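Both complexes below contain chain A, partnered by chain B and then by chain C.
After this line comes the complex of A and B, so read on.
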């Protein structure tokens, strides 16, 4: 009889893990809380750094998970988790019991809820939006303000909910810088008449081809990068937004009017992940993400034998890293299943 | 003449402390400012003196306030203070009545039984002896509590007790020895002579059954005298200095002297009046939320007395003022802390001399400032004329929902207002003040004052209690300063704004600077009662908690601040309210991050409850525009 594995989460990591496991002849139950798989990938229009369409990656993931060995359960959440040595069972919200020899947790991340930074006015001023809202606009091909006008000046705020002790997130979300650069370029493409300003603390261009993209944004697209964190946004009578920021390179305070303000929301441990960590007794770190068994060579292992992690439920990652991490998780699972004593 | 060498230590101590008290009083009086000297003179010949006597009796002897807060702790203080007072008083009378002659030297009263061993056998003498034993028993019961408190502070219902330095310990031991040694000395003497009352008599006769009472008595009389002498000599450099100093404090306070913002006689008297009772430690959130137990006011007072470096202690405080209102001695703890935060300034620099028995002001020449302003870059501001000014302040700009609600309310109220820092303003100055940078704060105050004068307004409304406090206390303005809750209350009373009742359960958090800091307790609650179901919490009014977001403390980490916030929010939301209401943008911001309950400023709740602006306003607007057209 073939072994069974439950994968929790149908985002990039979960799909990749499920696909690779089924390829290796494992029976997989893939649990997804939404009505379709893909996770955050569905919210993104084009991906950095090459700006390919996100649907291409989705197609690949759908391709590898289109397999008889994968039982997909959408609109499903976990109500109860039991472990008995090497045997795991899960009861879903529909009262269904699933059993498995190993579990892969791929619960991913939640975007930082930008309304928590009230000073930026998300949810208060109409023309303050987040990076996901902007992706939605790109997908529709229409970038307009709440009154239907086309924005002329656009501000992009980096590090919203990342590297911010006041909201309790000390870590860097890694991807918002490059997202900002990508979106700034796209804005300039869509609206050639517009001016785009990015307000950053540090530019963290650590991935392949990120630095090149950053350079392109400045040289080709004339995006302005201003070093300094936006302290607050207010609304003027004509619906324009007034932002206050300290230009730390010039060493002076700056007040500026923009039509549209885009917040680069960071990544946080997902609510679903928090629920599962409590239910299963999985350890979390100070950053609230799952704590891995070893940072160097055990980043897929958890504190429970037979439960493995894949993807951004352990730390912020881009898609490339997420897929690699999910494959590594599969290799750990296979190794575990081979050696585990029944 | 009745004399024995063992009385010498007592006599040395007694005369030392008497002379010391006179010298110190003269120095203190000399250091007072001229107006304060006049206040004291007026107080001496006025009602303040009588009041002070009453207060001294109630607080220094009976310890009424401690009794109210914590009965066992109060009893401990009362039995020692009031009991000792009674023992001295009736001891003196006893010596006077039954002694060989009238007007005896003090030692004859203290060691009465030694010099009159045959006294107290019968009749009135025995009744008097019974009474004296009763007082001694009263003191010993308190002493028992004090000793237990030292080893296990929960005995007297406290979570923490104060830690001591070496001289304090010696003084403490000598204090502890005074009464037991008196008990044993008197008991042995009584045992040897077969007299004494219920305590000394019974203990004495029992001890005499197996010990040579006559020989044992003498060493205990020595011990009694020695412990008294040691205690008196150490008194000025230990916390027991509070015993004589509190009398001065009460009299000075009743004469109308205040701490102010410079150190001087009064702040020194206050510092020495602290008995280290530890009530401030129990009141402090830094203690019960994050376990910091070395910076509370009792420790600050001690560090100032010892002339230690206090800057760490002085700055590690939320400045919430909870301890101020709980201090049974009535020391103005927060103002003293503020003085210490400004300690770099020469007029606040003292050092101890003569082993700490006296203090002297550092003779440092005042640093010359070049007179240039740190804020030259600020543009001149010429606000438009209005009756009412609205000053949102930095924190309200960071919580735009409050700002927008206030605009809605001001618009609806129909007053002629000007939002003076709509395009961003200059800080009110309080954060700088809290950091001890008064000169820089003064520049900002002057800048804002000019702007307010130019507007010609009669009322200034602020949304932030931090601004409110500083506008009220440190600005010299002839405008009425209102917090927005007071303004809203007035608008409701006048009928200028009309509201629907929101069927919501609300609990109110009193912000420190609005409540304890400025005494505004009722208006916010009245407004909330008007629009919602206001529930009570365990921490109301003076007893309200700090939200943890205080600007006053830059020593603790954000994690610690967040812990304080979480604990406070958890306390306030115990009754599962729909809204946790506050009246401060900083409290709102701090609480929103740590609780699932909706946190809202009162202005938001009012704006939500407000009906469409009444017709009155439109008519007024039209009338105004007609007036304008007609150039009236």
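After this line comes the complex of A and C, so read on.
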């Protein structure tokens, strides 16, 4: 009889893990709380650094999970979790019991709720939006202000909810800088007459071809990068946004008017992940993501034998890293089923 | 602007405000700046709301201005504050209600410091005992006087004789609310509505019929900001701060400004006169200034108190445009005929009536 694994979460990590497990002959129950798989990938327009359409990656993931060995349960959440001598059982919100020999947790991340950075006025001022809102505009092919006009001056604020002691997130979300660069280029492509200003603390362009994209944004697209964090936004009588920022390279405060302000929301442990953590007794770290057994050689292992992690439920990652991490989780699961649990 | 977004934030910042039996500590400067405000506050609390408000003749400055000016060392400040607590305890009160925003901020800061560093509190206890023989308990409740008026804003509205509505147009008066920096900027959770979109004055204005204006320099300092003003060489910067605010609020055509800090109304009021003298510029409508009020004065006007008993004749920017819009009856001839204790129906000793 083949082994059974439950994968919790149908985002990039969960889909990749489910696909690779089924390829290895494992029977997989894939649980997704939404009505479709794909997670945050569904919200994105084009991906960095190569600017390919996000739907291409989704097509790949759908392809590998189109397998008889995968039982997909959408609109499903976990209400109870039991473990008994390497045997796991889960009760879903519909009262269904699922059993398994191992569990892969791939609950992903939630975007930082930008309204928590009250000083930027998200949810209050009409033309303050997040990076996700902008992606939706790109997908619709219509970048307009609340009054229907086309924005001429656009500000992009980096590190919203990341590297920020005030909101309790000391860590870097890693992907916001390159997202800002990508979106700045796309804004200039869609709106060639616009001026785009990025306000950053440090440019953290650590991934492959990120630095090249940053250079392209400046040289080819004329995006302005100002080193300094926006301290506040307010709305003038004509709905324009007045922002204040300290230009730390020029060494002087700056006050400027923009039509649109885009907040690069960081990544946080998902609410679903927090619930699973409590229910299963899985440890979390200071950053509130799941705490891995070892940062160097055990980043897929948890504090419970037979429960493994895949993807951004452990830390901010890009798609490439998420897929690699999910594959590594599968390798750990296979080793566990073959050599540890037997 | 989406008001629902603000309401969501306001929900997150609600504080506990005592219901009765307040120990009132006065501001060092307000009685000189706007002499009717604290008197009006006591009348509203005692006569309109029937609350027990106690003042001790021996309470002193909290040393806030000296502390923020680097003149008074923090340990001295803490010991003075400990003494205020001690005499409050001796009088049998537990709910501290400062009139001054800087005092409120300082009390909040000291209580937070003691919470995190109990050894500092212990040292202050020893110093107070050694210096005065007194002991103290931490206040059960700390609320600024504007918090208390906010709490009872509906009761005041129920007794209102006038509303913050333009009687000629039927439109709500457009009101700029300016919150003292020390109210919530240091400890957002201790202010009604938080630090970014405080609700303490906005709640009063809404309840009394007015409409709050949100303008870009809403958070900016009034111009007092002790270093701008106490250091004589910086006073130009003080006027510049106020000017920045006036320029920013002008397009919204405000009818009035309401404040909850000792310094803010003084500077927003006086500097309008100075800017007009320097540049011939006025920021209100019809070539007038924008009248500036304390929240007690606004509450007094709403309740129908005589504007001159409230001390509005002491304002440098004329308040009459607002009185006329609200339809308040007043005698222009009586403007400078000051009567001592005119606010009270019978002669009162203001201390512990």
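Keep this in mind: the second predicted complex is superposed on the first by the 339 of 342 C-alpha atoms of A that agree within 3 Å, B and C clash if a C-alpha of one lies under 4 Å from a C-alpha of the other, contacts with A are read in each partner's own complex, and residues count from 1 in each chain.
Quick note on the criterion: a residue touches a chain if its C-beta (ideal position, glycine included) is under 8 Å from a C-beta of that chain, and two chains touch if they have at least 3 such contacts.
All of these numbers come straight from a predicted model, not from anything done at the bench.
Peer 1: Have a look at chain B and chain C on chain A after the superposition and call it: clash or fit.
Peer 2: With chain A aligned, chain B runs into chain C, so clash.
Peer 1: Which holds for A:118: it touches chain B only (first), chain C only (second), both, or neither?
Peer 2: In the superposition, A:118 contacts both chain B and chain C.
Peer 1: Using the superposition on chain A described above, determine whether A:242 touches chain B (first), chain C (second), both, or neither.
Peer 2: both
Peer 1: Touch test for A:232: chain B only (first), chain C only (second), both, or neither?
Peer 2: Both partners.
Peer 1: Contacts for A:126 in the overlay, against chain B (first) and chain C (second): which applies, first, second, both or neither?
Peer 2: second
Peer 1: With the two structures laid over each other on chain A, which partner does A:167 touch: chain B (first), chain C (second), both, or neither?
Peer 2: first
Peer 1: Would you sort A:59 into first (chain B), second (chain C), both or neither based on which partner it touches?
Peer 2: Touch partners of A:59: none, neither chain B nor chain C.
Peer 1: Once the two structures are fitted together, what part of chain A is touched by chain B and by chain C alike?
Peer 2: 118-119, 121, 124-125, 232, 234-235, 242
Peer 1: Can you list the residues on chain A that touch chain B in the complex?
Peer 2: The contact residues of chain A facing chain B are 116, 118-119, 121, 124-125, 165-168, 231-235, 242, 244, 255.
Peer 1: Once bound in the complex, which stretches of chain C touch chain A?
Peer 2: 1-2, 4-6, 8-9, 194-197, 214-219, 248, 251-252
Peer 1: Mind pulling up the chain A residues that touch chain C in the complex?
Peer 2: 115, 118-119, 121-126, 232, 234-237, 242
Peer 1: Would you tell me which residues of chain B are touching chain A in their complex?
Peer 2: Residues 397-401, 403-404, 423-424, 558, 562, 589, 592-593.
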